[in-house]
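Pasting the structures in now, so scroll down.
Two complexes are shown next, each including subunit A; its partner changes from subunit B in the first to subunit C in the second.
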Partner chain A sequence: MLKQMPTSLKMANRTFLFFWVFLAAFPFFWMFLISFRSPVDAFSFPPKLFAPVTLEHFYTVWIVDGFWRQALNTTVITLGTLTVSLTIGCLAGYGLSRYRGSMGFWILIIALVFRAMPHVVMLVAYKPAFWAMGIWNRYETLIIVLVAINQPFTIWMLRSFFVNIPEELDQAALVDGCNRVQTFVKVIMPVMWPGVITTGLFSFLLAYNDFLISSQLMSGDHMTMTAALSNYIFSDDSLAKLMHGVAGAVSITIPLIFLVLFFQKYIVSGLTHGAVKG
Partner chain B sequence: MAGIKMVNVKKQYPNGFVAIESMNLDIPDKEFVVLVGPSGCAKSTALKMIAGLEEITAGEMYIGDRLVNDVPPKDREIAMVFQSYALYPHMTIYDNIAFGLKMRKTPKEEIDKLVKEASEILGMADLLDRKPRQLSGGQRQRVALGRAIVRHPQVFLFDEPLSNLDAKLRVKMRTELKQLHQRLQTTVIYVTHDQVEAMTMGSTIVVLKLGQIQQVGSPLELYSFPANRFVAGFIGSPSMNFLDCTIAEENGATYVDTGAFKVELPADKAAKVREHGGREFIFGIRPEDMRKRREKQENYSEAHVHARINVIEPLGKEMYVNMTADGLDFMGIINARFQLAPQEDIELTFNMDRAHLFEKDGDNRSVAHTAKNATSLEDARLAESVDDD
Partner chain C sequence: MKKKTFFAFVGPSVLVMLSLIAVPLLGVFYLSLHTSHVKTEIVEVKSVVPLFGGLTKTTVQKVPQPVLDEKGQPVKVWEFVGGRNFDTVADPGGLAKALSKDRSQTADGQPARLGQKLHGLYRDVTDIDFWGALEFTLMYAFFTTPCILVIGFVLAIAVNSLVQWARGPIIFASLLPHIITPVVGSLSIYWLFLDNAVVAALLEQLGAGKIYFLKDAVTIRALIILYGIWHVTPFAFVILYAGLQTVPKDALQAAEVDGASRWQRIRYIVIPHLGALFSFITLIHLMDAYRIFEPVLVFGSNLFANSLQYLTYYILHFEDNYAKAGASAILTVIGIIILLSPFLYRTFRDQKGGH
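Moving on, here comes the complex of A and B:
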């Protein structure tokens, strides 16, 4: 047990933490606050804490500008990327965690190299090729590229979760009458959930937040939320348009907050325990 | 029910490491066989090859009369208990035990009957709806056993099943496992690094070192007639004392000379030494085969050794005494009646009928071991207590 801290130190700690949280959260908080205001109120000087509330920006962004369409695109892309990269990641991670030859090491090193590469490097190669093949601006294409970027990371992370599951569990299942596939499906995967959820959340964020690749490969009806959002920010012709962008940004952020809150328990257990103890 | 036969079995890992060069072992049906050896002796590898969890590089493996080299584990009709128990954490105890039966498509009522039966044998009928993490170490161990016995396999394989339990529980489980074996009458192959466990449980013990079988025999055979120095040192606790010695002949008698002391060899051992022809050996004497010298020594040959006491470890009934004689350290077990103190001098007699001689080079093969008619330990102790009166 920790020893009781002196009151003065406790106070200092709290003050510092409060200040820190305030500093870190303020921009988001302010963004959230002004997204419900008319431009005049939002950018008034000195800033106002209270002002009349309006849902006008959200209405314009979602209904008039068709942000719902982009939200749908992002959903398809994110879920697609998540499904493919977790499926491949689980199979590869399990294989690599149980494989004892030296090849496994090299596969992981190669994965690490691809992970370290700047994403734009791949884009340079992808974009002309996709143009030439005529598969530009399609869901599958973006999903493939995002999976490619994501996969090294998911393999590494899932592998380290699988490594924490003792091999004796596989062996017990094999002796109990399973073949390799049954062992994986019936015995190993059920204890892997914290790992899958943690890794899944990270891949989700990568796909959901991606701007660089999505904005280059998708356009028009297929644009994702992040790419669409940039159109509002870069066009500084009117304050009203910027306010629509702010409303869009808030719309993108809110699901993330709920997601993290909802899975928080799993993520913490996933990150600390690694996996289950027999 | 089935025996197991290994013919020239070899295990080489993909990285080139040869764990087992060539193993030949014939385990009869219904036997309780213990594979014992220090870590790295490939005992677990051997077990996993029997289970089919490790591939066999060369040679033949039979379970019963069936060649099983290429038979997957699930079709070998074996059950295994692991050191970490390896219970399925997401299943209830009932499902853990029933899993093997479900995989084999046993009818539901049948499964229910068998699981109930097994849980009754192990005394955990009221734990069936718990999850493994809600159980204590001993209870998990029982579940692992239940999972094995419920399938009525041809062979049970145990991989250090007791080493995660505390000392008291281990002794209890040892007895339970033995009873279980007597009741089920199934071949058991049991791997451990603990020689006490091996001695107490096995009807046959296989001593392994670096992937090679050193000796196969009953516990008392290994104790009294170890084939080489390794087995002699591995079996018995505290372990046998080993002292380099030369053979000296004086006045028609044969002596063992360690430099620190000279003791006479009994006639049968002297004959074996002459037969062997060597002059330099390793002299082996177990701590329990020496005692403090007094008058009237009837059973022990006349071999007197003077030593100085370094450390005394009292155990109640007796004490472990670490001594030095002219720079040579050795251990003796002395009856606790004696008043001894560190740095004191002590005079010992060795029971030379139970002394051993090993070759000095190569595999340290045994040249002479306990005489077949040697006074048993119990007799000697009895004689000692009679002396008292």
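Moving on, here comes the complex of A and C:
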């Protein structure tokens, strides 16, 4: 066994970690706290830890401003992106993991370059093209665009999960008379669930967190929650409007906190997958 | 797997990427070389002008008018202009002027010191939007990268020395800045630093005076960089923490038996073992840092700090100039290819060597 740490180092260690956890969580904690306060209490001098609670900002944002509609849009778009992205991503990931030719290598390298592209570059082309084609401001358009932008990352990650499934499994199924599609659907996919959940989480996050593309391709009744936040961002002039922004931001955050709570293990394995397994 | 089967499997994915990433890239390239204007034609307009006493005079004027298509929309014409859009964005003339300007004397006629010369040069170059955006993008990348590597590594070591049950909650809290929507994360920090918000108020109470964080380019840039460190450190931490679990225990024990100190074990066993992970994190972070957008949108808004992706967004959204946005986008793409080229070259060489 390795020797125990000296007490002084242990203390330094704990202080550092305490400090980090505080820094990591405080901005969100404070945002939550002030979202339930009247503007005067939220920006009081000196700052207060306790103040009367009010739900009026949430009421205004969700009911009066119609945030529920944007929440619905976000649900449709994230679920749509998730489904399409995983379906075509699994097919491609499986193909890339089982094919030996150099073509697979080139697809992966080009995908890596695509992954590095700033999204605004494609947006410059999308704007005039979608306008001319008349597919502006539609769910399907945003979904397929998010799927495409997400694909390079998705196929890299799914491929690395498929590589971990031994090829003997394919061989056995093929010998038993399955064709490739049957092998894929009946033999490989049932043992792929951890990989699908992990990759799915990241596809979900990309679609849910996207601001740039969503705010530019959708408008009016079709806006997503994250894009709708921009209505409140540049409103320093009115404290009430700013408080609505805080309530909106808190509403966006809550589902993500549950996501991390329930899927922490998968998120960690997803973040580390590409790196540790090579 | 046969080639035909392979193509069937990767087909849909490749098709989506080609049609919505590769083709748009070509489209942007096309846009960047052209400029658009509304097609006009000269129309003769007759108008009757009253003179006096009921007399009128008919005049015929030639007036340019937009040509309308069958739907009544003005017809747009795209004209090839070569590199003119690139000239507008990158402004090589202005850059050359800034570089060649005589800075040997200050405004009041004193001989300038080297520091003053460099400062003047820096100011003139970064005054051009594109170079200013490039400057802050690179500054952000080079300040944040070492910080996230070091803090992430220290965190990983610290968490690794804790008892098992304490690790989960710390990892949970650490994931928040990385997972939660970047716009929301940026805003949550922005709201802390408003003039009358909690941080400024606490500092004032502690006697630091009134600090206006969001009124000054230096503090705004510092906040964006701090946001970047806060947002990406969890990523480095989680990867390095996972890597720590794979360090061979017997090597560490052998080193301890040989009398190696704690620091020596970290320096000579753990860090070399994690070497590949450090380069992986650096690569991924450089790609992400290069396209930093949300914090610049929230904090900088073009005035105090700019980034390449924000510059293109600004031209597209506020100036509504597709051709100029295209040129700016293509310059951004060239930058990312330069940034990735050492890595791509190495991968390419490994691939050739492996076959």
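Keep in mind that, in the parts below, the second predicted complex is superposed on the first by the 260 of 278 C-alpha atoms of A that agree within 3 Å, B and C clash if a C-alpha of one lies under 4 Å from a C-alpha of the other, contacts with A are read in each partner's own complex, and residues count from 1 in each chain.
By our rule, contacts are C-beta pairs under 8 Å (C-beta built on N, C-alpha and C of every residue); 3 or more make two chains touch, one makes a residue touch a chain.
In this text the structure is predicted, and so the values were computed from the model without any measurement.
Superposition of the two structures on subunit A shows subunit C fitting alongside subunit B with no clash. One of subunit B and subunit C touches more residues of subunit A, and that partner is C. In the superposition on chain A, A:Ala240 makes contact with neither subunit B nor subunit C. Of the two partner chains, neither subunit B nor subunit C is touched by A:Met11.
In the superposition on chain A, contact of A:Leu55 is made with neither subunit B nor subunit C. Across the overlaid pair of complexes, the angle with its corner at the CA centre of subunit A and arms to subunit B and subunit C is 100°, in steps of 10.
Contact with both subunit B and subunit C is seen for A:Ser102 once the two complexes are overlaid on the shared chain.
In the superposition on chain A, contact is made by A:Leu169 with subunit B only, not with subunit C.
For the pair subunit B and subunit C, the least inter-chain C-alpha distance in the overlaid model is 9 Å. Judged by the document's definition of touching, subunit A residues 100-102, 276, 278 lie at the interface with subunit B and also at the interface with subunit C. Within the complex formed with subunit A, the subunit B residues making contact are 13-15, 48, 51-53, 72-74, 78-80, 82-90, 99-100, 103-104, 132-133, 147, 151. Across the complex, subunit A meets subunit C through its residues 2-3, 5, 9-10, 13, 16-17, 20-21, 23-28, 30-31, 34, 43-47, 87-89, 91-92, 94-96, 98-105, 107, 109, 111-129, 144-145, 147-149, 151-152, 155, 180, 184, 205, 208-209, 211-212, 216, 226, 229-230, 233-234, 236, 242, 245-246, 249, 252-253, 256-257, 259-261, 264, 267-268, 271-272, 274-276, 278.
Touching subunit B in their complex are the following residues of subunit A: 100-102, 166, 168-169, 171-179, 182, 187, 190-191, 276-278. Listing the residues of subunit C that touch subunit A in their complex gives 1, 3, 5-6, 8-14, 16-17, 19-25, 27-28, 31, 154-155, 158-159, 161-162, 168-177, 179-185, 187-189, 191-192, 194, 196-198, 201-202, 204-205, 230, 234-235, 238-239, 242-243, 246, 252-253, 256, 262, 276-277, 280-281, 287, 290-291, 293-294, 297-298, 301, 308-309, 312-313, 316-317, 322, 325-326, 329-330, 332-333, 336-337, 339-340, 344, 347-348, 351, 355.
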